[in-house]
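The following pair of complexes shares a single chain, chain A, combined with chain B in the former and chain C in the latter.
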Partner chain A sequence: MKPRDLSPWLTVALAVTTLQAAETTPAAFKDIPFPVIERFENFGKAEGIPTEKVHAVYKTTDGRLWLGTWNGLCVRREDGRFHRYGPEDGLSHKMVLQIVEDPQTGDLWIATMRGLTRLSGGRFTVYTQTNSGLPNNVVYGVDVREGRVWVATAAGAGSFNPKTGEWKIYDHNNTVMHEPWCYAIKATPDKVFIGVWGGGIIEHDPRRGTFKEYRDPDRDFHYDLVPDDGPINDITSWLSWEDGVLWQCTYFGFARYEGRGWKTWVEEKTPLLSNFTQFVWPHRRVAWIGMDRGVSVTDGETWVNYEVGPKGEGLRTLYRPGQPPEVQTMPTALANCFVLGIYVDDEEAWFATSNGLSRGVFAPYPRPATVARARP
Partner chain B sequence: MNTWFRFLLVPTLSVPLLAAGYGYVEKPEPPPTQAEKDDGCVSVPVDPAAKPGDASVLDFEYPYYGNTPEELIPFRGVEPYYRYWTKRLPFRGPGRDYPDPPDLKSLKIGLLSPPPYGPEGARGKRSRQGVLLAVEEANAARRPGQLPFEIIEKEDSPQWGSAANIAVEFKDADVLGFLGTIDGDATHVALRVALKIETYMINASDPDPTLTETQIPWLTRVWPDDRQQCFRLALLAVKQHGCRRIAVFRESSRPGRVGVMHFNNYIRRLGYPPVAHLFFKPGDKDISAQIQAIKAAEPDAVLFYGQPEDVGRFVKMFREAGLTARFYGFDRLQEDAFRREAGEHAEGMTITYFFNPHRTDPVWLDFAARYEKRWGEKPDVYAAYGYDAARLMIEAIDHAGPNRFRIRDYLAGLEEWDGVTGHMIFDGRWDNIAPITIARFHHGEWQYDPPPAPNWRPRRTQQAQAGAARP
Partner chain C sequence: MKTRGFVLISLAGLVAAGGLSSGGYFWSVGHVRRWTGNPTLGFVSCTHCHGNDLSKTAWARPRPHHPAPAGLAVSPDGRRLYVALDDVDEVVEADAESLAILRRTAVAGGPFGLALDRSGRRLFVACRHQDRVAQLDLETFREVDSLFVGVEPVALAFTETPEGERLIVANSGSGDAAVLSLSPLKEVARPGTGREPFGVAVSPDGRHAWVMSRLAEPDLARGGASAHPAEAGFAHLFLPAAAELTHLSPAGGRVLRRVPLESAHLSEDLAFVPARGWVLAPLVKVRNLVPITQVANGWVMSSGLAVADLQGHVTQVPLDEANDYFADPAGLAVDAAGRRAYVASGGSDVITVVDLDRLAAWLEQADDATRREAIRDLSLSTEYVVARIPTGRNPRHLALSPDGRRLYVSVRLEDQVWAVDTERLTVVGKLVLGDGGDSDPIRRGERVFTKAAHTFQRQFSCRSCHPDGHVDGLAYDFDGDGIGDNLLDNRTLRGIDRTPPFKWNGKNPSLQVQCGPRFARVLMRTDPIPPAELEDLVRFLNSLPPARPRHFTELNKPLSPAAERGRQLFFATHRPDGTPIPIERQCQTCHRPPLFTNRLKTAVGTRGPRDLTDEFDTPHLLGVAASAPYLHDGRARTLEELWTTYQTNDLHGVSSYWSKHQLNDLIEYLKTL
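Our next item is the complex of A and B:
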């Protein structure tokens, strides 16, 4: 929804409503230890997004919203419409899979299906496997920490120092990964986690040059023999880390590692909406999980799921520990249940879906005193 | 303000304002059309009385573990916390109602072939010939107004990740689906891209059991995988032939590792773990150390996995070194290179094979004649499965139209299908689990057992008896 479009009457009505409601968390959500979405606002081609499928959404430190889509990179302008950049502007490929910002420089690093692209000062620079040390042109994931760029590609992980131009490749020749198919990467203050297809998760300590493997102990794709014994599966489709907690997405369920033990979730036996988990955005030790059936949000104990109901309405299901689930109908729903990317901060949640972009508007909740900018 | 009052206020205000034409008002999404329902996006509210864990996951729609016999399945006797592939994973994304691409001049199908100069080059060539024959026949049978099929050919290179780049090129070429390839690693990386580009892939020749275990609902494999071969060989060696001390000698490579992985597990579960498991490098000439080690293990059977020329050479060396154990192998030993290298020592080799290439049924004979007329040589399994894969993709495109999502639905919904290679049965991972056969090299030629009858049939058969015999 675009505030500029609101009629004056409705604006006043909503403003009064919001001001009064903002004072307290709705009673229905008082025991939910994270923000609850009260409604969705959806955006699509009418707002200038060039295609239905949105892979990634990211808000930069200057507050601008960026999208990685099936057909180009987009930024939301002040008028609320989206402006597209494509290969004709210097982007390496029109399919954009992930976007991150280097908080030190403001540069954007963009993972595409054919190369890594840097957007700096309005200029695009393309890195491919033939003009740089990029391990492979299909770049599934990218992250930046302390000036070093990390990539997960179809033929290994890589790190790049933009100041020196130095690349380093991590694959089956110099790490514990037996196959170099990397699908996600996350740099933390002292470790780098690599999501490997068939290899679970690899923890790399760049200072020591060590690698440690986390694998599903039952070593069989047809079973999860026992819960909470390690990664839910060796095929990691995505991972992220925030505040000491590592989260793993797979197409077999979802897992968390806090440094002491693992916790796993699967559909039907736990509140997890679907085993087909595609993306996780952690914010303040809460995981926002995108999957093929909507979004699950959890701190590991309490869950809130967002789905699309039979009549196109939103369905919100609250799972409180030890209590039966509570289903609530919402007047609005996600643009689509196939959720590929998420961005969450203390103010709002954004969802990249296969049929447009959604904004999740939080019900009033007690915001943290210090609004720290998380950068999962 | 009271929460309930706030929830009531917005819709109460919104309706009259919207009716009066005051700007944009948040409103519920319109009711989904039938096509949207088909997307699988719709969720039914959970039963508030239910608790997580109540739902049963033991509703088996498909045979478990590639239809592997129960006694070979891991952790048997223990009900695991969770089982996968008891039903098929749906694709819940949108796209089925997308309009057809404008200005289509052809219906494009990608073909990813192995590098022509690599170890799989010759097999890739035969597979390609099967694919091209299917497309040529389909185009010859097009009616006026029907768009022709066009093959977009790409050759892989022997470099990790190359197939991923090629799959992206397929996307850029707007293919409606793609076929390939033989190498397990190449097929794996291409499959991951297939998920991203939402373009269906039919695999005609990769035996890697782990390929379909990736849970990506954009792949059908018509080629029976090594798991099917492993449990036939394990049961044959242990249960029928009474072997108790089985050695494994395999190529040191990813195909070698994943190829024998299940065999080793299966014989272990039968009570007879491998007494030796040794490796060789492709092209090795001196394997005296391995022969010495395997002889020391006193095996009564040896399982070989590798290229037929390597295994043929090693079989000869093993026999000449005095090893009298039974020898077993996989389908590739049926190729001439094995008997050429092994010479008289090929006698007695027992392998798994997909079907009897000396079949005399009209479907096979007719295909073999057409293939030989077109290419001047007899078809092998690579040619035949390549042909079937292309026929299946053509059938899906003809059925669904030029829409990648409806093509996916058609292929992912198949339970059975008849090709020139025989009757196919697809499991919960879209793997062909039709029973395969056994062949023995005896008196200078391969002799084929009739395949066992299927012990499982789908509950529902959506499409079968397709026109493989009707070019």
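Our next item is the complex of A and C:
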């Protein structure tokens, strides 16, 4: 057969292959509108992570993976092992709680238990409450937007403008904040949301200098007496925002705010795996929620929970709207059920746990995952 | 009778006058002691606190302006030369061959740095005093676009990246680099750099940009945990400082690498050598941690060249000779083939010609240890320095013609641009922009200030420690009490008119004494500056306005709410609960406006373990935010640390009642002074 005679067959073969590629999502997950993890790969001290407790995981725009641990900052090298940076390298404290990247400059801003650290071009710069205007050395959360750095500290929230060197403090003295113990902060294009431990959520408009408080209307610590009436609890343990949706973690349930109304979830009445929600990473309007019993993933309608079974096995439970839950056993489990930090993109998911790091390998799905984004 | 009466009246008058004088004297002494809390203070002039007016200071008065050349740029076809004249707010276009001036255009704001686009149709100007970049259309020679950037932009470079055209601007005052896109000018990113970035270089492929800082800062990472800023103490004072070479991606402004240059500072230019993959920066190797009086041993400072590769490996090599120094290296130019580099020595009036082939050969054969020690071996320069070309006073900026056959030198303090034939290494022409200002004592004083010939073997000039009359951010070791003791922070010379005495111990009543014979013998190890030149130098120093820490667009505007709250704190006479603050502990007493000093020595509890006294001269606060570090030994690296890490039990202002909000407010106010 002459080579040119092959072309129709090649075309057909290519078309079949393409069709197969598009249809590679396992049938079991076809109606799940976000990627499903098929297995976990776990990493720990054997890979150079200096301690079992990993607080934060973050992938920078250059593709490098960074960890905030109980004992230093780590970066994953090309050989897969982790390199540690500690106070001896210039880090402000060994206990790293959060990492974010300034997408413009590539600078990493690192929240630690004693100050804020900038890692830029391999050089550490430390900001403390004594050498700068940082409100407090215990920095739980940090975020960067348009070059401005926002921090949540044990004595209020703060902002730092590197262009002018100006620091501002936001606490109970100059805002509606009930108390200054801030656990999380998220800067959006026009608002800044501050998660206050015991004070709900503060919405700050930097242009107008205004503050608005979101508190649990029923003011009950243990029960969400009236669902969907506001933040589920005043104990905000974490919050995040993406694409117009605000997500709130508390130790008494989970909540979402889309600007029109609130939606709340508790473990007793919804698929939420645990009321003790520690961290949320939103990605394409899907919340990846870290908690003491594993991970819940939801777009608000469909849920997938990942747990560690009694024998250490990985359990995956699918909750489709109007259908009974479907429990599946996974080939591998999360490194630990207590998930402290999460990073998710279209390619993979990473979980910082109290006993190592896990990578969630997605089952094949059509990328980019635009389904979830299209949902209201 | 009349005579007797007259005598009696006179005597009575004398007694009364004496009584009044004595009373006045004792009252004034008591008044001063009451206000300062210092019971040993004698009579001081009322002008320490009263009758001062900033408008009467020398730096506030009009002064002659000179067409001193700053940045240079040569058109891609080599036919036109552009010269920035920052002191007269002009940019000049000249014929590069004949050096005849063709056109002039006014560019407000101190045009200092220049960069041309690749086609040679647009000229970009860093306007230092107005914190902006101006774009000139070279057809009309008119300004067509402008953008405010950071504080005091001094240098800029143009490049084409896959994402579009970019300008990289070094903002010396705000310590950052503005990455601008063009058409129209727009800021893409503002990454931080080292302190006082002054040099910019880009790679022709648009993939790399570098910014070089002029000042060095303690390299804390090298000091380890003991030098951590959160720990109170002095350990960081004994860490070698390092300037920073910041490696950027010009497309988006991403910081790729920060390369420390140990014990290097005063770099004012930068060049990329594509043929070798090198980044070159002139530098001053400063040795502030060994006794600065050891000039004869060559311990104080020497000039060199940093050679960095794309991976950030740096070798520092000397430009000086064993018994002859070439102080204050400023401008740098490298030919397109990467064969030769030219370095302007602003203090010694010389262009040093470096054969890069020979330098490369030496680097090739040197092992790591030899490279590390290279900067200390002044005999090494004979390996690669092939010529020294004498120039007029204070050569600063350099530019080469595209074919590398002509080197243009801005001979700043003679108001001239010189053209050098690089084949014959001779001067072949001069562009005369002004008369040199010989009749202006301030200009003459600046020549003294920048002249290394007043120090032993021409090792350094006044400017080597006081770039632009300001600080270099270092504390120097004076060996009065042993090596490593008695570190003294380098104080600014800007805004010092009417603020005597000088020195941290307040012992020099005038600048003439401060810069006089003792200074020459102890520090410069030469004959004193001749009296006439000394007077000129003093005129120059007094003409220096305070540093400007604020953005140009913020000047003359009302204080921000935070700064206003800080102002009220600065002038507070009572605590919020009504408790009076003792007069001698109020900020305004010692730092009394408008000079923000009462020009007296004061004990504010800052005596360190190596100090011999409790009392130190009260520095003025004009431009204080730009003059870190602080206190007499430079122990406080930020203003915050004055009242946190190094707070002195309410002796240095009553601060114990301040909240963190108030401290931040106070600092916002101090930034406005």
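The criterion applied here is as follows: the second predicted complex is superposed on the first by the 344 of 376 C-alpha atoms of A that agree within 3 Å, B and C clash if a C-alpha of one lies under 4 Å from a C-alpha of the other, contacts with A are read in each partner's own complex, and residues count from 1 in each chain.
Following the convention adopted for this analysis, a residue touches a chain if its C-beta (ideal position, glycine included) is under 8 Å from a C-beta of that chain, and two chains touch if they have at least 3 such contacts.
As the structure is a computational prediction, the values presented were derived from the model and not from experiment.
A.B. asks: With chain A superposed, do chain B and chain C clash or fit?
C.D. replies: fit
A.B. asks: Which partner chains sit in contact with A:G309 here, chain B, chain C, both or neither? Use first/second/both/neither.
C.D. replies: In the superposed model, A:G309 contacts chain B only, not chain C.
A.B. asks: In the superposed arrangement, which partner chain does A:P206 touch: chain B (first), chain C (second), both, or neither?
C.D. replies: It touches nothing on chain B or chain C.
A.B. asks: State whether chain B or chain C is in contact with more residues of chain A in the superposed arrangement.
C.D. replies: Of chain B and chain C, more residues of chain A lie in contact with B.
A.B. asks: Answer with first, second, both or neither: which of chain B and chain C does A:E88 touch in the superposed model?
C.D. replies: In the superposition, A:E88 contacts chain C only.
A.B. asks: Going by the contact rule set out at the top, does A:G80 touch chain B (first), chain C (second), both, or neither?
C.D. replies: Neither partner.
A.B. asks: Output check: A:A155 vs chain B and chain C. Expected answer is one of first, second, both, neither. What do you get?
C.D. replies: both
A.B. asks: Check whether A:P33 is in contact with chain B, with chain C, with both or with neither, and answer first, second, both or neither.
C.D. replies: neither
A.B. asks: Which of the two partners, first being chain B and second being chain C, lies in contact with A:G294: first, second, both, or neither?
C.D. replies: In the superposition, A:G294 touches chain B alone.
A.B. asks: Regarding the shared-chain residue A:P271, is it in contact with chain B (first), chain C (second), both, or neither?
C.D. replies: In the superposition, A:P271 contacts chain B only.
A.B. asks: If we overlay the two complexes on their shared chain A, which of chain B and chain C does A:N137 touch? Say first, second, both or neither.
C.D. replies: Both chain B and chain C are touched by A:N137.
A.B. asks: Rounded to whole Å, what minimum CA distance do you find between chain B and chain C in the overlaid structures?
C.D. replies: 8
A.B. asks: Across the two complexes, find the residues of chain A that touch chain B and also touch chain C.
C.D. replies: Residues 114, 135-137, 155, 171 of chain A touch both chain B and chain C.
A.B. asks: Quick check: in the complex, which residue numbers of chain B touch chain A?
C.D. replies: 1, 3, 6, 9-11, 13-14, 17, 22-32, 36-37, 41-46, 48-53, 55-57, 64-65, 74-75, 78, 80-85, 89-95, 98, 159-161, 164-165, 168, 171, 185, 188-189, 192-193, 196-197, 210, 213-216, 254
A.B. asks: What part of chain A is in contact with chain B in the complex they form?
C.D. replies: Per the stated touch rule, the residues are 1-2, 5-7, 9-10, 13-14, 17, 20-21, 26-28, 39, 41-42, 52, 93, 95, 97, 113-114, 135-138, 153-156, 171-172, 179-181, 183, 197-198, 218, 220-227, 235, 251-253, 266, 268-271, 273-276, 292-294, 307-313, 315, 317, 319, 324-327, 331-333, 336-338, 354-355.
A.B. asks: Once bound in the complex, which stretches of chain C touch chain A?
C.D. replies: On the chain C side, the touching residues are 150, 174, 176, 188-192, 220-221, 224-225, 228-230, 244, 246-247, 249, 252-258, 260, 551, 562, 625, 637-638, 640-641, 644-645, 659-661, 663-664, 667-668, 671.
A.B. asks: Of all residues in chain A, which touch chain C in the complex?
C.D. replies: 87-90, 92, 104-107, 114-115, 120-124, 126, 128-133, 135-137, 147, 155, 162-169, 171, 173-174
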